[in-house]
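I'd like to ask you about the structure that follows.
Each chain gets a letter, A, B, C and D, in the order it is written, and its residues are counted from 1.
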Amino acid sequence: MPAITLRTAAVPALATAAALLLCSCSAGAGTDAGQGRNSTAAKSGRRLTTTLGTAKDSQGPAPEVPGARRGGTVTVANQADFPHLDPQKIYAGERYSTSLLWGRQLTQYQITDGRPRLVGDLATDTGTSSDGGRTWTYHLKDGIAWEDGKPVTAQQVKYGIERTFAPGFEIGPVYWPQWLTGSEDRTEAVKKYGGPKKDGDLKAIETPDDKTVVFHFPQPQSDVPYMAAQSSSSPVREDKDTGTGYDVKPFATGPYRIVEHKQNQSLSLERNPHWKPETDSIRHAYPDRFEFTFGKPALNTAQEVFNGQGTGATTLTTKDELPPELISTVERDPAKRQLAVSGSRGAYTSDLYIRNDWVTDPEVRKAIHYLFPREQARQVLGGRYAGDLATTLSSPAVVGWKKYDLYPVAPTGDIAKAKEHLARAKSKVTKLTYAYPTESPQDDQVAQVLVDAFGKAGIELVVKGLQPAAFYDMVFGADNPYDLFLSTNSVDWPTPSTLLPLSYESHLDAVSNPIHYGNPRVDRELARIAKIGDAQQKAEELISLEETVMKDVPVVPFLYKSVTQFRGKDIGGAAIHPIYGVPALADVYVKNS
Amino acid sequence: MTRYLLKRVAQAVAVLLAISATAFGLFYAAPSDPARIACGPKCDSAQLAAVRTSMGLDQPIVSQFTDYVGGIVTGRTIADVDGTPIPCPAPCLGYSYTLHQPVLAAIEDRLPVTVSIAVGALAVILVLGVGSGLAAALRRGRPTDRLLSGFNLLGASVQIYFLGYVLQFLLVYSTGLFAPPRYVPFADGPGQWALGLVLPWLVLGFVNAAVYARLTRSQMLETMHHGYVRTARAKGLGTLRSHLKYTARGAAGPLVQLLGLEVGALLGGAFITETVFGLGGVGKLAVDAVTGNDLPTVVGTVLVAAFFVVLFVALADLVVAWLDPRVRLA
Amino acid sequence: MSDRPALSVRDLAVTFRTARGPVSAVRDVSFDMAPGEVLGLVGESGSGKSTIGLAALALHDPARTRVQGAVRLGGDGLDLVGASESALKKVRGARVAMVFQDALDALSPYHTIGAQIAEAYRVHHPRAGRGEAKERAAAMLERVGIPAARASDHPHHLSGGMRQRVVIAMALINDPAVLIADEPTTALDARVQHQVLDLIGELRSEAGTAMLLITHDVGVVARTCDRMLVMRDGEALEEGPTERLLTSPAHPYTKALIGAAPTLDTVPGSRLPTVDAPEPRQRTEARLRAAPAPGVLAEVRDLRVDHPGRRRARPHPAVKGVSLHVAHGETLGLVGESGSGKSTIARALTGLRRPTSGEVRFDGRDVSGAATDTRLRRELSRDVQLVFQDPYASLNPRHTVEQIVTTPLRIHTDLDRSERGRRAAELLEQVGLSPSHLSRHPHEFSGGQRQRIGIARALAVRPRLVIADEPVSALDVSVQAQVLNLLMDLREELGLSLLFISHDLAVVRHFCDRIAVLKKGELVEVGPRDAVFDSPAAPYTRELLAAFPHHLPPGGGRPQHVAPVG
Amino acid sequence: MVDAFRRDRVGIASFCVVGFFVVLALAAPLITALYGKNPTEHYGQNGAGLLSPEGLPLLPNGGISAEHWFGIEPGLGRDVLAQLVYGVRTSLLIAGTSAAVVAVIGVVVGVAVGYLSGFVDRAFTFVCNVLLAFPALLFLITLGPVVQTRFVGPGESEPAWMQFLVLVLVFSVFGWVPLAMVLRTVVRSLREREFVEAARALGASRRHIVFRELLPNVWAPVLVHLTLAVPAMVTTEAALSFLGVGVNEPVPDWGRMISRGADVFYDDPTYLVFPGVSLLLFVLAFNLLGDAVRDALDPHTVR
């Protein structure tokens, strides 16, 4: 290279680096961020009592949100797109909540002052049972229509539920197939009826006229009104059923319809002219449009929202949570603190799952219970923002929840006690494996926290980070090779009936019972309780059985999950949906600006 | 010429075939089963087998590959997970079971973003890299040269993921000097389009410009010593004019070739830039596909990225031949 | 035309700034050129002659060069030193023009020759349209003897001579008052050189342009210049009318410079004067055959060598059926212009090129296959060694002199390290270098020294035939003389047989016993030295001889300008 | 050459900085022992008063204190200085090994192809075209998990050496191409040089020509290429960690630190600045060294 080289020019480059170094001073989190100051972190696991509304409650329109205005465009920014929009494939709180914008079900939760009440949505009420809970009847409201103006019929509701039997719909809830066929599990159910394309008409559902749906169950069912609120209970028009395409762009019955859905990029909603507020006691439709954007890192979205940059002022998130990195910034500034939308994340709990058939010795599981560094792990996940430390299996958000703490332990863990229990174990445990999805660096850090704690108790914890897809594949697969993993789960609706019977019954497959828990006494109890038709009694029995299960330490309760999302300053009405655990979009409006 | 083009096309096809075969073989060995992911966790083995059949995963890999290549040429019909036939016209790059759309359509959706990033970044590279390289060469040894070279050295040493975040924090979120990075289609207003992308352009351009600045400078200095530049000055041409007309022309060859490679690479997706600024281009699609184990999309994006590289490298060769009549295309 | 000199240089000093401090290239040079006069600037490489040429157009990079003194033009007396860039732009190409040495380098490969010539016109005739400039360029091309139709060709389509004509056309299109010609013909074959010089003279005298001819070749000066100025190490040594300087040089260096290059009149085989020894001990008589030839040592019979064609093109022949031989103890000279196949024959003889057909024999043995048979080549190289033209390229830059000189010993002998070292020292002494140089690398040596290293390497295994391929043509005249002297001494001492290849008739005549003349791969004439030079049989030989510059200034026939003594 | 290098002050300075990093890498255990911290201990979590409940350092400037000179890591509260020092080790080990492999493959292939030409050359060009057009980063992202699931049993963690090996392997697969291409061109022009012909004329064998005549002439471009390739590999490795597919916890790694630092940048910029600036310095020094080596080896350089 001829002439003067570039290197004599290193000096400016170095100077820049040095300047960068100098201006990087920052205030520590400790300057005014103490433990006891105001925090936006919500108390998680708020106790709930979900009531069943009456037919009157089910009549629209929904009670106005005070101060709400019509008009404007709301931007909903999340890093990830919805994996599914097909109503029969939707099976997660945030998707339930979002799909309320365009989808309607037989029943739905009406929220007033933060209290949920189950009311009729398409149906006039939450359903009437007869025959000891074996027959449930729903009548459809008048004036309910699709986005093209055609009325919603009972046959379309039936068709929607029939779809849940079809192949490809395994990812949705299994209750309709199981209940309607009286089967142990879905695999058995679909042998009896394989969906509308394969086996045509499903006899268990009758539609005597366009307005009436009658369910016939071989066994008594008490939770049908709740199941009727699930997205699976949405009507589907056979002529609009585009198969997998329906998963990208479903046909609307709710207040909005989907204009365009570019996957992982955007989803645009506009008003559905054929939706009538007077038929709907749940949803509001204040904004003219909803624009969902996907792909932007949560941190960027948060910055824009808190600073009101770009469309930030009219943006809110339903999936992206307040990044832990921004917590102290937000807490320092009251104006920003207001923009955090927090609450209990429905009935979600996070637990350390232990494969009971491998870590068979309860003493070892107890040792894990004692050494588990709850506080440290939670600190990595954002401290109290992650939720409150749990002592029970079910969330306080479940109807009838009772507090218990079978093996009290300090939040930071009790290594000495753990060692005691390990000493009592029949065979010495020196090595355990822990799998986790590598979704965020926090996952890696939690793993390191665990390695540290297990190490102190003399157990080598082998940690294995897996791609998220591979992780879920693996730990819920029949041949899951890992001893431990953290899992966040929820009951499907706020009664205890979907918790123990669907996860702690020894015959269940790995997907439902990934810890392979099996206790003959619990099995017998569950069989007995299954026959109870009275919802109230059933709930009570299940709650008391929970302590019996937890005596075995099948899992280590970790957190009652909290959620903190955020909204722009011009977004009104954003509050966490008490059931679905995300901001309820159906109540959101754009403030006067 | 025609003969050259034909030969070139044949070479390109061979390269692309080799790349797609490699990608196919590699991602086939990926950790999780695409069928299981498409089917969901609650899928039993019978359902899984059905899904595998409809996805064609039960075929031996070689026949899967030949089907794939056949699809590119003639198009084909692919069965979705539930057996729904999906038409995928030529050039069919497969069908994404996660996105429920043909891979090419998914790429086409995101290509505008990637093209927008590439265009702007390229402009920055040209102005900042080539421009400062030219200026440094013309003022070699003087403070301008040192300053520009230092600036470029910094660019060569700094990382997008470091600089991107720091600038984003300083210029967007702390001071609001720049609009938050986002993609607005060009058709919705060129102003908005440019405003949303200016920061990614600057960062990507700055980091890549260094190579061009160095190459431009050293090429210019090398060419400057050629007699014909002196001849031009001896004719009475001004210094600047003779450098621009003669030196620059002589120095352009390697630059054009590097640019060809760069344009190709940029159009294949700027993975890190797109990740840092949250822009949903082809790079993001590819990374998402890898993490989501979306095999068809991964192979498709690899192939498209390689296609752009091959295409623009070939174009660059043509430009070089046009620039330098001594180069014979053979 | 004014009475003032067309170009007047006063106390010119040029200093380059380098990382290791200023380097003075030219000191206190003064001279005048009358309008229409031809001044020869003569000197060896590094004497500063080209620097003066560039200074006359103020083409030095001001950032790295300091020019002092004055360079005044005739007419308005503009001093180019310190003139503004805009003033200089008007001068360059219009009033002072330049012809550069290497036409291939001086012409832009990217533009057509027509465009390049037209540009030279348009720069100084801003109002002239494209069409006019194009016409002017075409006319100028015709004047330098190139069909105007070739204006749209690129330089690489033209031959070396034509390229030089283009450069001349470009320089003269604006009828400059002063033409600076920097080694305008050095890269060309003698005949072409002759034509180009004639062309310059013709065009120049038509327009009355004064010319500064920069050259290392005294022969060129002799036939072209009115006056000459001898430069050495940045200083002007001697100036005067060409004739006077050539016949009675005052300065010993001038004397050496003139005598160093053999001419067609020097006594063959005599020791040549060098700068260090301007008065060599003269061999009084021409070398006779050192030893009578008892037989043929090496020969080629009906040798044909084809260059492989590029890709699918047809191979074209480089040597078309040549039969030659070198007898024991004899020196055969191989003469021809570039592309005549001289080097190809040398390479066929050393086993580096495979003959397409014909026979190559050494000492009676068929060695045609040596190029493909490593063992055969190895055996052949024991007896036949090659001295290369380029002393820079033929030595591995990463090796020490010892490694270079001992490589043949490693290959061909069982000598151990210290023995090889001793032999290397001996060889260095033999070629006039100090054994203390053994551990140095080639780049620390001058061109002449490197060529000595090359000769030492060739002699290491005591070969029976040395093939010297243009061994002195890359060297300065005085160094050339030294190397020729060395070769002659070694030949004497070791009784070598030599195949000596050169394009320089005088050198060949001086050095060789027998001469073979090649033309385009064919043997034109072969015979004893005197026969070939005194009574050439082939017309081509006569043509070559006619084109060769003689030292003595031609008696009259050319307008003589009386130079104002400066 | 050494003399030329010695005269180059920036070159010497960058050489010192690079040397400093190499010493850091080699002496990491010693340094941390003297400093009294280790890179894997969760100081912030195990000691009180260092991290807020949300996991951010309580002390200003990322928790810089007499105890923790460069502060502590948000979240786990590991010592930043100890992590940085061990991070150099990771970077240099991977880049150094890859560079060595690249050098061997590049030299062997480049020199062989340059000398042989013909069919070998066409095959080589094809392979180069394929590798150049291949999106290398995407390949890198995918390969890690593939190797992990194929070669590591579920009950074992992927050993650190295997992660290193995968990275080295991939860097080598893509890294030798430019070097071999450069060497091919160099050797092709060398082959035409007269000294090679001179060696042939001396009767030298092919082996002699390749090893004694050609190889000594290619080590200059090799050295230049490698000094510039090392920082490139270090940054690519960091980029992979940034994308979440680099070296796993708990092996300290600059890329992961930067990635994490980018997350917490708004509250704790110090944590981004230390690894970010370290990487910048490291790469800058290596780039400068590469330039210096190039200049020192290039006899034509006029400075």
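In the analysis below, a contact is a pair of C-beta atoms (placed from the backbone, for glycine too) under 8 Å apart; a residue touches a chain by one contact, two chains touch by 3 or more.
If you want to know which protein each chain is, UniProt gives these names: A = Peptide/nickel transport system substrate-binding protein; B = Peptide/nickel transport system permease protein; C = Peptide/nickel transport system ATP-binding protein.
Quantities reported herein were computed from a predicted structural model and do not represent experimental measurements.
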- Note on the structure: Taking mean C-alpha coords per chain and comparing to the overall C-alpha mean, nearest is chain B
- Between the pairs A-D and B-C, the one where more C-beta pairs touch: A-D
- If you average the CA atoms of chain A and of chain D, how many Å lie between those two points? 43
- So how far apart, in whole Å, are chain C and chain D when each is placed at the average of its C-alpha atoms? 50
- Inter-chain centre distance, chain A versus chain C - centres from mean C-alpha coordinates, in Å: 88
- For chain B, write out the residues touching at least two other chains, lowest number first. 31-32, 140-141, 153-154, 157, 166, 173, 275-276
- Task: Return the residues of chain A touching two or more other chains; collapse runs of consecutive numbers into ranges.
- Result: 1-4, 6-8, 10, 13, 17, 20, 303, 466-467, 470, 474
- Item | Contacts with 2+ other chains: residues of chain C | none
- Message: Under the stated contact criterion, what part of chain B meets chain C in this complex?
- Response: 140-142, 226-228, 230-239, 246, 249-250, 323-326, 330
- Per the touch rule above, chain B residues touching chain A in the complex are 31-33, 36-37, 39-44, 46-47, 50-51, 80-84, 86, 98-101, 106, 109-110, 140-141, 145-154, 157, 166, 168, 172-173, 176, 179-182, 214, 217-218, 221-222, 225, 275-280, 284-285, 288, 291-293
- Which bits of chain B are touching chain D when the two form their complex? 11, 14-16, 18-19, 22, 26-27, 29-32, 153-154, 156-162, 165-166, 169, 173, 261, 264-265, 268-269, 271-272, 275-276, 286-287, 290, 298, 301-302, 305-306, 309-310, 313
- chain D residues within the chain A interface of the complex: 8, 10-11, 13-14, 40, 42, 45-46, 51-63, 74-76, 145, 149, 154-158, 244, 248-250, 256, 259-260, 263-270, 272-273, 276-277, 280-281, 284, 288, 291-292, 294-295, 298, 300-303
- Flag every residue of chain D that touches chain C in the complex, lowest number first. 193-195, 197-206, 208, 212-213, 216-217, 299, 302-303
